[in-house]
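Right, one structure below, let's go through it.
Chain IDs A, B, C and D follow the sequence of writing; residue 1 opens each chain.
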Amino acid sequence: MIKKHFTEKVLANELIAQNTYLMRLTCTEDFLRIYRPGQFAHIEIPHAKDLLLRRPISINYVDFEKKEVHLAYNAVGKGTRLLSLVRAGDMLDVLMPLGNGFQLAGDMKRVWLVGGGIGIAPLKSLYCKYPDREYTAFLGYRSRECVYEAHDFELFAKTHITTDDGSYCIRGFCTDVLRAELEESGPPDVILACGPHVFFKSLAKVVGEIPTFVSLEQHMGCGTGGCATCVCKVGGQYKKVCLQGPVFNIREVDSLYD
Amino acid sequence: MIKKHFTEKVLANELIAQNTYLMRLTCTEDFLRIYRPGQFAHIEIPHAKDLLLRRPISINYVDFEKKEVHLAYNAVGKGTRLLSLVRAGDMLDVLMPLGNGFQLAGDMKRVWLVGGGIGIAPLKSLYCKYPDREYTAFLGYRSRECVYEAHDFELFAKTHITTDDGSYCIRGFCTDVLRAELEESGPPDVILACGPHVFFKSLAKVVGEIPTFVSLEQHMGCGTGGCATCVCKVGGQYKKVCLQGPVFNIREVDSLYD
Amino acid sequence: MTDMRVNIAGVELKNPIVTASGTFGFAEEYALYTDLSRLGGIALKALTREPRLGNPPVRIAETASGVLNSVGLQNPGVDEFLRTTWLRIKEIDTVKIANIAGACVEDYIYVAERLNDTGIDLFEVNVSCPNVKHGGVNFGTDEKTLRGVVEEVKKVSKKPLIVKLTPNVTHIADMAKAAADGGADVLSLINTITGMAINAVTRKPVLANVTGGLSGPAVKPVALRMVWEVYRANLGLPIIGMGGIMTGEDAAEFMIAGADAVMVGTATMRNPSAAKEIGFELEQFADKIGLERIGDLTGSLNIE
Amino acid sequence: MTDMRVNIAGVELKNPIVTASGTFGFAEEYALYTDLSRLGGIALKALTREPRLGNPPVRIAETASGVLNSVGLQNPGVDEFLRTTWLRIKEIDTVKIANIAGACVEDYIYVAERLNDTGIDLFEVNVSCPNVKHGGVNFGTDEKTLRGVVEEVKKVSKKPLIVKLTPNVTHIADMAKAAADGGADVLSLINTITGMAINAVTRKPVLANVTGGLSGPAVKPVALRMVWEVYRANLGLPIIGMGGIMTGEDAAEFMIAGADAVMVGTATMRNPSAAKEIGFELEQFADKIGLERIGDLTGSLNIE
């Protein structure tokens, strides 16, 4: 039986940009064997008995040698704010890896990664599993203070950075840069994207026939397929984001085309 | 306006006997001015939002020079177990001092202190306010492992120690020793007592006409007289332990005489 | 700066935060902990015709994010109250609400009449009591009984009448309508939900009374839903919402659901100055979103 | 060693811990996380005659020590279930309970008949659904309607019938009696309490459906009280208790209040192996107090 329910030790939990934290956790061999980029961890908020639900956080990076899982997250509400107070040495109850994740067929060589805000986090993990592709990254941040991990992308991808207010690199939305790049260098084999809903909406208008996969968010209960609360409408059906997602073919996500 | 609602710093929180902790807290001048022995602190359990009620803990000792309040408590349930995890440097939200406390008239010279188990804790505080009396202490513990602060009493009182199982000093109940002492050396001016209900019941049988005051426990809400939940029947009326108590004349406590 | 005043049946409150009956004693207990004049209002502990001993202890139990109580309306009776406590508190500079309870209609009437010519601003009729004349059926769980008691009390009252609804019913909006039909000027809700706690080791109930009333954040979702249901019933009466309010944002949620004012109960047990602080938080919240009048929040739930 | 087996209407459970409907999918999702054969039983997700899309998201909200959900009975329909999922789960070595829902009596009957000749051990009739034929009144909040639907389903059922009561009623014991009169073999309670969550900043409900069902530790005191009220009504039917059970001690409390078995719902959302662990904890608790049979706990509340 593959185990997905672990108690892991926090190795570090640090502020890396405005309100953005990077947490490093130990992980098991079991985890490393089955992990796929785009999967997520479902984390119990420690010591907060009044908060019953776990919090889903995408896996940002996996260090296979050190056996570490990295998570990048924004402290936005009760749970993630408490998470940001966790210290190195504390233990966390985690379900991982969950969800389908991104899958790259062998012939998908030219890969474009498109991320907005905290949605940039899961895209970095592509490289740890598929180091042999030709990556271009389009990263959109709100402003200079919010920029995180941009340099990491530059190490393996041709990286375009935008900020909404122009306080760092290009002013504007990364989907605009993507559109320009499409015209200039032609379509990639695949686009993988993560970000807020409005970001997906503009992406949907641009990608045309290019195979494009998006990682969706939804308020979740169990994370394990049991409660049917985490649905998004995909192909006319309410699909479970935790089990059948979070990654879906953009063209099947109904809410992006109405 | 006298303030009774404080945020105080924990100076120490250490195991001093089996399941028994001693917590030292900072306190204010305001507190020192009005404090009376037998009063209690009403403590918010930190970080536990699911536990809405404060926990009442008697004040064990007040160090007027160092401006410290000491609390001795057993970790018995959810709240006190969490309290035992608090570390030096943490802050606590405390209402204190609450309740009427023990009052010693000037002519009460010979004072007997009778405590059972964790009920011993508040009795030690008599000495910090009334150092000029002639004290005899009757302290009953469950067993050797549970003995705490006995030596402190020995510094200011003639001290009789019993354990239920005889594993330390006299085997038996401290009320039996008290009865013997009564016969031997005659009645004191006043008896002040704290302990479980059965302990008060046997005490009630022994004290006769001696002025005797007991500190009662009751499940509490506000601690400030507002909710009327913390009552015990005293003189046919339900009196508020938090405001009209916790100290009552033993002869008025109805439940000890039925 | 948001105008924090609200008007409840002709009575102006400085702000919408009122302390809930039974959790704030007769107010004087709190003079030490909070500035009473900063409160929108104070609902006093329930008063009955005769003095009431109340239930035996244990009267309180802690549950997950909630509290059970079984005080049982302990109070000195309205006459003794008027002779003593009232004289000490009548000058407090805030709106004063008398919570009226009874075991039969005549009891309610007696208490209302005794309080008619005092400086009490509003009456709150507590209908969560069993009606001894009608087989112990709760006044507040049967439409006809509820309407009846409200009608009778309304006849004699010289003050606007708040009717406090119990949540232990199938259709809260029907009960609200019954109270409105009986002549209620204001509706307040929710009172506590009947619950119980058991000590598995002793196999005994924690409360001597076996069951008690649940309050606190645990009940907030139920309370919000009921306030919204009553608001949507469009009865034209102001609503005072309560149940688990611990923060200014909680208070705002009740107003958005339809409340004109709110009451703060259990929060006071944790923090004696909770009501005042919640008032400040609500004001801050309102300022931040640039509200002109706090009342603009009332019923502003956007359900598309 | 305590004998952990309990008998519910002739069906033997290995232990009293059953997963609650709607929180354990169709069980197969949990094979990865827990040893399904250690469970006393499994209540499957609600099944309806036709496939149901369910409510739009957001479908879940967190409240203080509670959870609101508005799944809306999403399921593939009983026929599709029998063709696919059932084939994969029918060999699971534990008692299997089908939760049956519908919008009219005929819907319930259809589902029951389709499941009659399968290896399903018990039917659980979910009456918390609005009855479309009778103006949307909830099947479970009106005594006559409840009795009616139970009678009709009982007529066609070849399996013992559990009727799952909704807590959104004034008198739970009256509803229990109506179900018993209709022919229920077992009563289970409580389903969720209707509640609501509001985002004060956006002024929108958190759930797309506006209201949802509250579950989790927040409701435990209400659930315990209702189980006890139904137990005291002396209807002679076994009771399955639930509502906020997170630990073995919680389970023991429900049994002490009168339950013969319990269900674990929300706890599974936090910990996928909660039901199994709660079973172990209950066993430990029973061993420690030297119980011969776990059933000896049932109704053992000592109220003097």
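Here is the rule we go by: a contact is a pair of C-beta atoms (placed from the backbone, for glycine too) under 8 Å apart; a residue touches a chain by one contact, two chains touch by 3 or more.
Going by UniProt, the chains are A, B = Dihydroorotate dehydrogenase electron transfer subunit; C, D = Dihydroorotate dehydrogenase.
All figures in this text were calculated on a predicted structure; none of them were measured in a lab.
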Checklist entry - Counting C-beta pairs in contact, does B-C beat B-D or the other way around? => result B-C
Checklist entry - What's the chain with its C-alpha centre farthest out from subunit C? => result A
Item to check | Distance between the centres, which are taken as Cα means, of subunit D and subunit A, whole angstrom | outcome: 36
Checklist entry - Quick one: subunit B and subunit D, Cα centre-to-centre, how many Å? => result 47
Checklist entry - Using mean CA coordinates as chain centres, what's the subunit C-subunit D distance in Å? => result 34
Checklist outcome for this item: subunit A residues touching 2+ other chains are 49-50
Checklist entry - Which subunit D residues sit where two or more other chains touch them? => result 64-66, 216-217
Checklist entry - So how do the chains connect up here, line, ring, star, complete, or something else (other)? => result complete
Next on the checklist: Can you tell me which positions in subunit D touch subunit A when the two form their complex?
Outcome noted: 22-25, 29-33, 45, 53-54, 56-62, 64-67, 69, 71, 74, 206, 216-217, 266, 268-273
Checklist entry - Where on subunit C is subunit A touching in the complex? => result 64-65, 217
Item to check | subunit C - residues contacting subunit D, complex | outcome: 63-66, 68, 141, 168-171, 193-198, 200-205, 210-211, 214, 216-222, 224-225, 228, 244, 249, 252-253, 256-257, 285, 289, 300-304
Item to check | Contacting residues of subunit A [partner subunit D, same complex] | outcome: 1-2, 4-5, 44, 49-54, 93, 95, 218-222, 224-233, 237-238, 243
Checklist outcome for this item: Interface with subunit D, subunit B side, in the complex: residues 49-50
